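Down below are the structures I want you to see.
Each of the next two complexes has subunit A plus one more chain, namely subunit B in the first and subunit C in the second.
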Partner chain A sequence: MEWKLFANLKEVVGQSEVEVDVQSGETFGDALDALLEAHPELAAEVLNDDGELRDHIRVLHNGDNPFVSAEGRDTELEAGDELALFPPVSGG
Partner chain B sequence: MHVLGVVGPSDSGKTTLVERLAERLIDRGRVATVKHLTHAPDVDTDGKDTARHRAAGAATTYGLTDDEGWFATGEDRTLDEALDALAPDYDYAIVEGFSDATVPQVVLGDRDHAGPELAAAPTADDVDVDAVLDALAGTEPRETLESLVERVKRSPRADRAGAIATFTGRVRAKDAPDDDPTEYLTFEKYEGVADDRMETIAAELEEREGVLDVLLHHRTGVIEYGEDIVFVVVLAGHRGEAFRTVEDGIDRLKDEVPLFKKEVTVDDEFWVHERE
Partner chain C sequence: MSDLNLDPTQLDRYSRHIIMDDVGPEGQKALLDADVLVLGAGGLGSPIVQYLAAAGVGRLGIADDDVVERSNLQRQIVHADADVGRPKVESAAEFVAELNPDVTVDAHETRVTADNVDELLADYDFVVDGSDNFETRFLVNDACTLAGVPFTHGAIYRFEGQITSFTEGQPCYRCLFPEAPPAGEIPDCSEAGVLGVLPGTVGCIQATETVKWILQDAGLAPEADTLDGRMIFYDAMAMTFEDVPVQPDPDCPVCGDDPAISSVQDVEYVETCAIGAD
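Here is the complex of A and B:
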């Protein structure tokens, strides 16, 4: 699975796309854990003291928020899914 | 309006390629071309009436005929100004010889250039015109407030429209008198998802009673102080729903669309969400 990172999160890691070794059938939470284990510097940016995503950090699974439109961390992934992690949007 | 540049050394066939591209693009829409000149225009020479107008200090001079075309000359015009003026009325602009322009370019003979490279080849004869046209269709069109307003005026629903309301967001220098002046902003976009979100917002707003067409456009990349960033244009039956929809359109765009703004001032640079 591939994660796309944006803005300061991309700069912290030094790349805009990160491949993680998570297979079809595993969950969104597995993919998030794999990303943050591979990049602890990113974990420091996006997790609070309880190890949960900070309120202002946004995630998308194929363009939709899995915590709103699916099963959150338990959302099952399929091959080729696109995952995204980003800070608050600031267009306009 | 889609913009396509052709750059290359003088013997690489730039103009031949511009001809081939223009001949194809006229089947798809209205085409404008712009040529970079390294000498004064010789379209109206010393002694002509129009040259005398210019010599007398006119900043712009038009020569118009009844049915044999027209020309214009003027003092100062940048490529950006020329393209913004063309954008409302043309579907394509091909610009020849502007190596410094940050427009999508076809690059002949390894010419140094700014702007993304759509294709590269030694000479015009080596260019796959079909591939260039396909690549051009995937580029971000150049939009201005005027080009978006013209588009809604040509809407099939315009016969029921008594109002067009617009919002333009631009780069301000300061938010308070003692702020460091902003030099430019750069916007990063989540490709694909940002455009889908904007289409969804526009489609949902168009479902409102009395709202006919909604256009949202956000520029990306480097945007300098004073330049426009974002436009919302609403075509509606009456002013009330037009004003409300413009406001809701820009508010939703700012809340929902994955775009990220970095600000560069005279002494600093930072992601804007980290200061808010």
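Here is the complex of A and C:
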């Protein structure tokens, strides 16, 4: 399964797409954990001290926010799902 | 056409608009009657101001409290070398005056704050956010959403842009990002750098959204699809546009089911723009 990263998150990791070994039936939380395991340098950018996603970081699962439209970390994934992680940017 | 009060010069100037069914004389009249507030006369504000002025948007408010710096000129194309040191709203207003005498500019040489935002917005139909910091962006979202003023949002970072519009009440920017990142965490253009042409692309999309909103508000361009409910991620390096949904968040502090923010006075627009920040 593939994560897409944007803006400074992409720069911290050094690439915009990261493949993680997560199977159908595993959850969005599993995929996030796998991403952070592969790229621990990303953890400080996206998680707060309690290990939850920081308020300004957004995640997408096939274009939808799993924390609004599905079961959050427990959202089940299927092969080929697209995952994304992005912050707001402010430049003008 | 005479009943729409377009004079012969205007019929000529806007003929490429008027000839299209989706604009026509009615749409051009709507553009000439529109009052649009552009926040920021920088990288985004430059193409926004240029294209809205060329399109004949009758009244353009331009708000910015900065002066032109030489390092702006690589992307802020409404200003020229001789403008360095001048207020940006002055050189932007001069550009418009030279481009199109049909357009009246209200130059607001001021920083948009919680104390002046409501008064500023009250005079306009539509707002274009081309500001350059999170504090202003969250303030603009909150004030526009609470007042029911439609707006389009564009923001840039190095080679990337984010563009969306909020014109139908829900969702709003805080549905996507409830709070701003801590100050300094996501660098701005001066710290991170920015590809000069990037705000040209992003600002032009914002200007397009503005023109389409004006036409639709006049009952025209029925097929037009705006960026309501979705955000474009533009990557100039990869040359890709991705389109992701922006969903209403029932827990949104501004437009959710039980909003905590009922006035911009509820928020301190510093740091993360949280409610009751201290």
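Quick note on the criterion: the second predicted complex is superposed on the first by the 88 of 92 C-alpha atoms of A that agree within 3 Å, B and C clash if a C-alpha of one lies under 4 Å from a C-alpha of the other, contacts with A are read in each partner's own complex, and residues count from 1 in each chain.
Keep this in mind: contacts are C-beta pairs under 8 Å (C-beta built on N, C-alpha and C of every residue); 3 or more make two chains touch, one makes a residue touch a chain.
Just so you know, these numbers come straight off a predicted model, no measurement behind them.
K.L.:
Looking at subunit A, does subunit B or subunit C touch a larger number of its residues?
P.N.:
Of subunit B and subunit C, the partner in contact with more residues of subunit A is C.
K.L.:
Could you say whether A:Asp50 touches subunit B, subunit C, both of them, or neither, answering first, second, both or neither?
P.N.:
neither
K.L.:
Contact-wise, after the overlay, does A:Gly91 reach subunit B, subunit C, both or neither (first, second, both, neither)?
P.N.:
So A:Gly91 meets both subunit B and subunit C here.
K.L.:
Does the superposition put A:Gly63 against subunit B (first), subunit C (second), both, or neither?
P.N.:
both
K.L.:
In the superposed arrangement, what residues of subunit A touch both subunit B and subunit C?
P.N.:
6-8, 56, 58, 60, 63, 84, 86-92
K.L.:
Which residues of subunit A touch subunit C in the complex?
P.N.:
6-8, 16, 54-56, 58, 60, 63-65, 68-69, 84, 86-92
K.L.:
Inside the complex, what are the residues of subunit A that reach subunit B?
P.N.:
Against subunit B, subunit A makes touches at 4, 6-8, 10, 56, 58, 60, 63, 84, 86-92.
K.L.:
Touching residues of subunit B toward subunit A in the complex: what are they?
P.N.:
169, 187-188, 190, 192-194, 196, 218, 229-230, 250, 253-262, 271-274, 276
K.L.:
Which subunit C residues qualify as touching subunit A in the complex?
P.N.:
40, 42-45, 130-134, 137, 154-158, 160-162, 176-181, 185-189, 192, 194, 199, 233, 235, 238, 244-245, 247-250, 272
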